[in-house]
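Here the chain labels run A, B, C and D in written order, and each chain numbers its own residues starting at 1.
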Amino acid sequence: MVLNLNDGGINEECGVIAIYGDNGVDPTSAACYGLHALQHRGQTSCGIAVSDDSGMRYRKGNGLVIDYFTPKILEELSGARSAIGHVRQGRKGQESSILAQPIVVNSRIGSLAVSMNGSITNREELMADLKQSGTLFHTNTDAELFINMLSRTCISGNMTGAVISTLAFAKGSYSIVVMTDKEIYALRDSSGNKPLTLGRLNGNWVVASETCALDIIGAEHYRDVLPGEVVRIDDTGLHSELVRGGEQNRCIYEYLYFSRPDSIIDGKSVYESRVEFGRRLAKVLPVKADMVVGVPDSALAAASGYAQASGIPQGDGLYKNRYSGISVSHATHGKPERGVRLKLNAIKDNVAGKKIILVDDSILKGTTSKWIVEMLRAAGAKEVHMRISSPPFKYSCIYGLYSISNSELIGKEHSSDNINAMIGSDTLAFLPLEDMIGAMGEEKDFCSCCFNRE
Amino acid sequence: MVLNLNDGGINEECGVIAIYGDNGVDPTSAACYGLHALQHRGQTSCGIAVSDDSGMRYRKGNGLVIDYFTPKILEELSGARSAIGHVRQGRKGQESSILAQPIVVNSRIGSLAVSMNGSITNREELMADLKQSGTLFHTNTDAELFINMLSRTCISGNMTGAVISTLAFAKGSYSIVVMTDKEIYALRDSSGNKPLTLGRLNGNWVVASETCALDIIGAEHYRDVLPGEVVRIDDTGLHSELVRGGEQNRCIYEYLYFSRPDSIIDGKSVYESRVEFGRRLAKVLPVKADMVVGVPDSALAAASGYAQASGIPQGDGLYKNRYSGISVSHATHGKPERGVRLKLNAIKDNVAGKKIILVDDSILKGTTSKWIVEMLRAAGAKEVHMRISSPPFKYSCIYGLYSISNSELIGKEHSSDNINAMIGSDTLAFLPLEDMIGAMGEEKDFCSCCFNRE
Amino acid sequence: MVLNLNDGGINEECGVIAIYGDNGVDPTSAACYGLHALQHRGQTSCGIAVSDDSGMRYRKGNGLVIDYFTPKILEELSGARSAIGHVRQGRKGQESSILAQPIVVNSRIGSLAVSMNGSITNREELMADLKQSGTLFHTNTDAELFINMLSRTCISGNMTGAVISTLAFAKGSYSIVVMTDKEIYALRDSSGNKPLTLGRLNGNWVVASETCALDIIGAEHYRDVLPGEVVRIDDTGLHSELVRGGEQNRCIYEYLYFSRPDSIIDGKSVYESRVEFGRRLAKVLPVKADMVVGVPDSALAAASGYAQASGIPQGDGLYKNRYSGISVSHATHGKPERGVRLKLNAIKDNVAGKKIILVDDSILKGTTSKWIVEMLRAAGAKEVHMRISSPPFKYSCIYGLYSISNSELIGKEHSSDNINAMIGSDTLAFLPLEDMIGAMGEEKDFCSCCFNRE
Amino acid sequence: MVLNLNDGGINEECGVIAIYGDNGVDPTSAACYGLHALQHRGQTSCGIAVSDDSGMRYRKGNGLVIDYFTPKILEELSGARSAIGHVRQGRKGQESSILAQPIVVNSRIGSLAVSMNGSITNREELMADLKQSGTLFHTNTDAELFINMLSRTCISGNMTGAVISTLAFAKGSYSIVVMTDKEIYALRDSSGNKPLTLGRLNGNWVVASETCALDIIGAEHYRDVLPGEVVRIDDTGLHSELVRGGEQNRCIYEYLYFSRPDSIIDGKSVYESRVEFGRRLAKVLPVKADMVVGVPDSALAAASGYAQASGIPQGDGLYKNRYSGISVSHATHGKPERGVRLKLNAIKDNVAGKKIILVDDSILKGTTSKWIVEMLRAAGAKEVHMRISSPPFKYSCIYGLYSISNSELIGKEHSSDNINAMIGSDTLAFLPLEDMIGAMGEEKDFCSCCFNRE
């Protein structure tokens, strides 16, 4: 799927990383490379905080990791014992650099730094309670709420207790890394909705949102942080302080769209998941066609699976402009169809005269799909059969992670037939939810609230 | 005196402003012009927060007021009912935009914004106490300490009580404006060390560090905030909530150097004070000379007074380059004598062959004075008699306002004769402290700690 | 192939565009979108010049098209009758914005603007001659040489004569658009080495380096400019002023690597050419394997062809980070292997345990290939068979277009077997030149000097 | 006078500098300091070109000297044998960095660099002739015209001949420095309208617009370049190649306003000239008053002279905000009276109750004067008598140097009495032209075209 920024569509939320230990590696440099690998999770701001015996230092601001972290800034942060970092996707109107993470504060328990991916659903209640006893909020972010909860609940400097306590109070979906002067904490809410994984590098520990951040620095995957687990890392190693059972509810959209295909989330390859979605999709409403075309980049793996199962060869039908990353928004001057044109073009010679199976991973408003179908027909496609490797997207996220409103979702109000007519495809089919869940294997603990609000 | 930034010399600290009411004026625009008039009090960062029934908005960052507040930013803040603003001088290594003011937070008593000029001397004690009960500090600033004290001490939403309470706990030297959703508070510690004044404009109220900020927007001077006074401004007008007597200790350096000469501080004209310092200086160690030369800009008024009292005509002997404002530091490439050359040049034709009385307002390290004397001699001056319109500067500020260390102050270790030899002048004289105090009039409530540590 | 900026490798040279006519379209806006589509041809600087009865206006500078051309700048240029534009790739040390194009000058024949892609090989001789009669050169660019030749050779204001004359004198490889106050000229040297194509949009004329620039604005492809042709466009339409026969010598690297796959160059689909290279490559040194993996992005089409011809399924084995565009260079801090890691990661689950055919489009220094092979082996690949869809790259470009030196090219000194050992692949094969030429069809007029210096 | 940028008033044109020789000094560094001293002559752009046996290097762009020439840029240019530099004041709409000087080109006679202050009045004729023989113009600047004339007229590499030839053809007012690979040329048109002076530093030669640029680097004044003189500097020393007699016509505005008061132009102190203007002004329409107030900064010297001659003491009545340099324009948001308020404030205590003689150096549109008079009255002045140390400014410059149009000049259409009524002063008097000329001494060769068009 091509994410059209003018859609006000799904926000890929955030990415976090932490490194403990400087054996043969500079934690700052490792954090920087790791954040670059996680850049797809957020492009608005980035930041790194580091800690050693001389205290904490940090730098954060707006921009891509490779732009913001110049050699000069990295030099200022080098030589520490541990580091945590963050990339953030700001929603429209929430792009101020004041909102960049990690949040770093001084407290009675020393310096604290927090990087967070996710959302606290009972935030209003918690914030009101903290305010009542005098807490001030400089921003409206869940990360600032979280760090204040840590401070409020901490007794006798027992930081482990404070983290566990906070986990007990904060509902929602979140993966968080906390850095103190001596330790790193990693925690994941009991639903396990957002990913968080552990790696090793030269005996040092790494925590990251996805395994691709381990790969880039040559770290080995150790295991994932468990849903409801609090992990503490210090000079004596890694300690699992708690695993609090709960109803697991891993976000299936991480497999479908958010995560990088080369990541392995909770033991399941993102790439393989997408291929299997495509294989199962091939069973739904099969048609004869000459070529399977995936919408680059995120639907290419599903198209590959579709081709495998259907026997119809996969081919390249669309070219994606690699210079249309994040700044394309202003260039469209309010004409959203230009957003698609700036990013995609049909490869005419390979499309002309063919019956096409067009595989995408989701339909939100439907406008992007309509323009792609039109583009393929203009390039000479004889038929365009749209296949979506997920069920109709009907509801906004129960965790509040993605900002699209229900009323904008074409899947909320319209039947598949209606949508087919609206986007102008010859036929349209979605992957049924049971197939999607089935593709994920035996564990049935996935959150599919955006499809069925359950 | 020419402030040499390479000296690590005196920091002109900060300036504050607040406007309540939008009768015929846009508070944002008025705050912006007022801050421009106060720019001499701080050039590192600036900011404005505004309030109306829709809540608070703010913008702050590094740069001069006329550079940072573009028409686009002013437009974003326009149309409010009240505004507070701040200009800040960051010491070396403390230039991060994260330290910009006003500080704006959400609290149980709604939104709060604070702009502060000055220093809390028992900050460690207060901060430790607040931390103990869970408060987090995002920065190390006194303004953040102050706003947390407001929140901590506030009971039942009684903001007036909180401001009074904070005044009771926080020792030091400070002038502060606070904006809530409905009110503006202005307060000054009981020493009255830092200035704070009140003005009226179309029935609206203005609070500012100096009267020059009233002049620029056409506001009339109403009165000064009293030492130890808490003033509250709301829809019903201005209310003096408290005047807490204390030992007054107004900063005499405000008259000598910090404030603009066109300002009137606590009823006393800065310009007239400087002229009177010069008049009295003329009685000390009188010599025959052809011309009185003031070091531009801050010593010109004292030179004028010297000329009046001595009968020796004042003349221009030094030209100050008006493009050497704040960015001269890097251009010297570590050769501090260049700092003076980049700013000053002798007007040879008017200096050659003359016996010169050179009037400056202070000597810190002595290096600047030495270079100026050399420059005048090279331009042909027959004699250079240095006259300083203040006593030797011997001690750093008891309030911690200025960052120069005692060991760097030439006046700490050396006699006047020694200094004369070191800077190469023919004679050297300082204004005795009793004359300086005497020049200020009948009230003897001035802080002269930098001269005598009393 | 992943272009490693630290390699000092191939520079994708430049892209040009021109629009004549404002019927239902703003030429400035169309030029801007077209340049965005051509962005892959140069990312250092961009510029647009426009003309109408009030004269010429232009804006140019460093940066990507979507970054530099803000709505404000586009507004300044809007409302013209014709426009020409340029994107430029600056070699290392040649990034100054002074070198941005188009070049715009005033001359006896009015205003002139020129955008150029390519290189004049007898530049020293021509420049010396022009200097001899007094011409000054502000830069060392061929575009400035060209515009001076236009001016020097123009007699009686006959611009068509000047363009033809210049074509006769300037040897080398170039595609150029010229804008006068009333006309647009498009010309291509007789070798036809660099592409240049014509399109129509609402009756207006478009000239562009590639057809993808036509597609983005919805223009129809009309035909290509012929090798050795001078085209003139004015109010009366398009006029072919000259076709000067010559030995055609189209750059085969445009098909292999430079151009976008969705472009059609001189009637030949870039995408189809790459697929055919892959098909023919499958006949060379066939091995049994489980999966064909293309190096994204430029070698994916060749991998597709290899899969078709070999019957071995194509799969995704490498993930390319889409945020590693142009600024990755500084992030590697002099460690070039990081350049590859910042861009590529193996998709472990899809690679592990498999015998891989790894298809890339070329090998320059060999370092990138070595790291990719290592990465796949570390991900568990049992075998890695490297297949290159072009012959060994042995010589730098005779037209001087690409800056790599012969001594750095691994293909110059080493046999295929040696290279196989150096990069650590199990087997290695290149596409023979005759197959490459054969794949291009019946016309044998391609330049393959980088392979065989003929 | 306070130059109101919204006035579209007088542009201080440009400043030039050149250094030949590296004996104990880095020419680049010396040029940079010299340009800083000349910053008052132009704040839009700056640049330095350097030459040594390895050829020429240069850097130029928009911004103040101390902002643009960072240590990094200076380092790139360091270590040369000679340097030339330029500061430029761009008129409204002419601020593009493309117009920055020096202009540096390659030609048949090697590299050439030119920095120019002034204007060529027969430019259209010369430019047309050069165009006719094929010359292209990248800009519309006289400097580019000049450098093309050098190239065109040069025969057999005789650069001295080319410079003399160009001097013979180019009419107008200009001071120019030219750098070749081996030499520096300095020339001044025969009217001597613009200043140009020579200095020595450690045996090296310096050429600069004003002596203040010599002072800042410690160079000794050697002599001025004569009107109509061509000076050549090379390894063998300084050579006067030609003095071409002509009607001298030195710009009296240089003494009144443009030059720095610490400069000595053609043997006449700028400061002393201004003082003498003031002394003579005191004889015109004398009135009783309490204090003479000069408008800072440029009229302070004249006020000093007025005070000397009248016996009325000089005092400070206006404070000038030192942060209102060049960026004040946007802050006024189209309300020009704010431009004055942003820069000036009355020193009330020193003004209140007094009869004031207000001395300024000129009146252009009259709006600034009106606001200053109002400001002093609002501050309590009992009377304000305006005295202008020059005649009414009636005509724009015959050399085209200053861009104000005749119709905007209040002195063109209105009598002194009318102007007095319009600006609201009690009385108004101008210095008669004969007194102004008389003040300059015995030589009557001054251009006063702006006063009398003669």
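Heads up, the rule we're going with is that a contact is a pair of C-beta atoms (placed from the backbone, for glycine too) under 8 Å apart; a residue touches a chain by one contact, two chains touch by 3 or more.
Treat the numbers as computed from the prediction; the structure is a model and nothing was measured.
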{"item": "Label of the chain whose CA centroid is most distant from the centroid of chain C", "value": "B"}
{"item": "Inter-centroid spacing, chain C versus chain B (mean Cα positions, whole Å)", "value": "60"}
{"item": "Chain A and chain B, separation of their C-alpha mean positions in angstrom", "value": "49"}
{"item": "Residues within chain D bordering two or more other chains", "value": "none"}
{"item": "Touching chain combinations (by label order)", "value": "A-B, A-C, B-D, C-D"}
{"item": "Residue ranges of chain A in contact with chain C within the complex", "value": "32-33, 36-37, 39-40, 43, 64-67, 69-71, 212, 215-216, 260-262, 264, 269, 271-272, 275, 297, 300-301, 304, 308, 313-316, 319, 321-325, 327-328, 330-331, 333, 338, 341-342, 345-350"}
{"item": "Of chain B, residues touching chain A in the complex", "value": "103-108, 112, 131-138, 140, 147-148, 151-152, 154"}
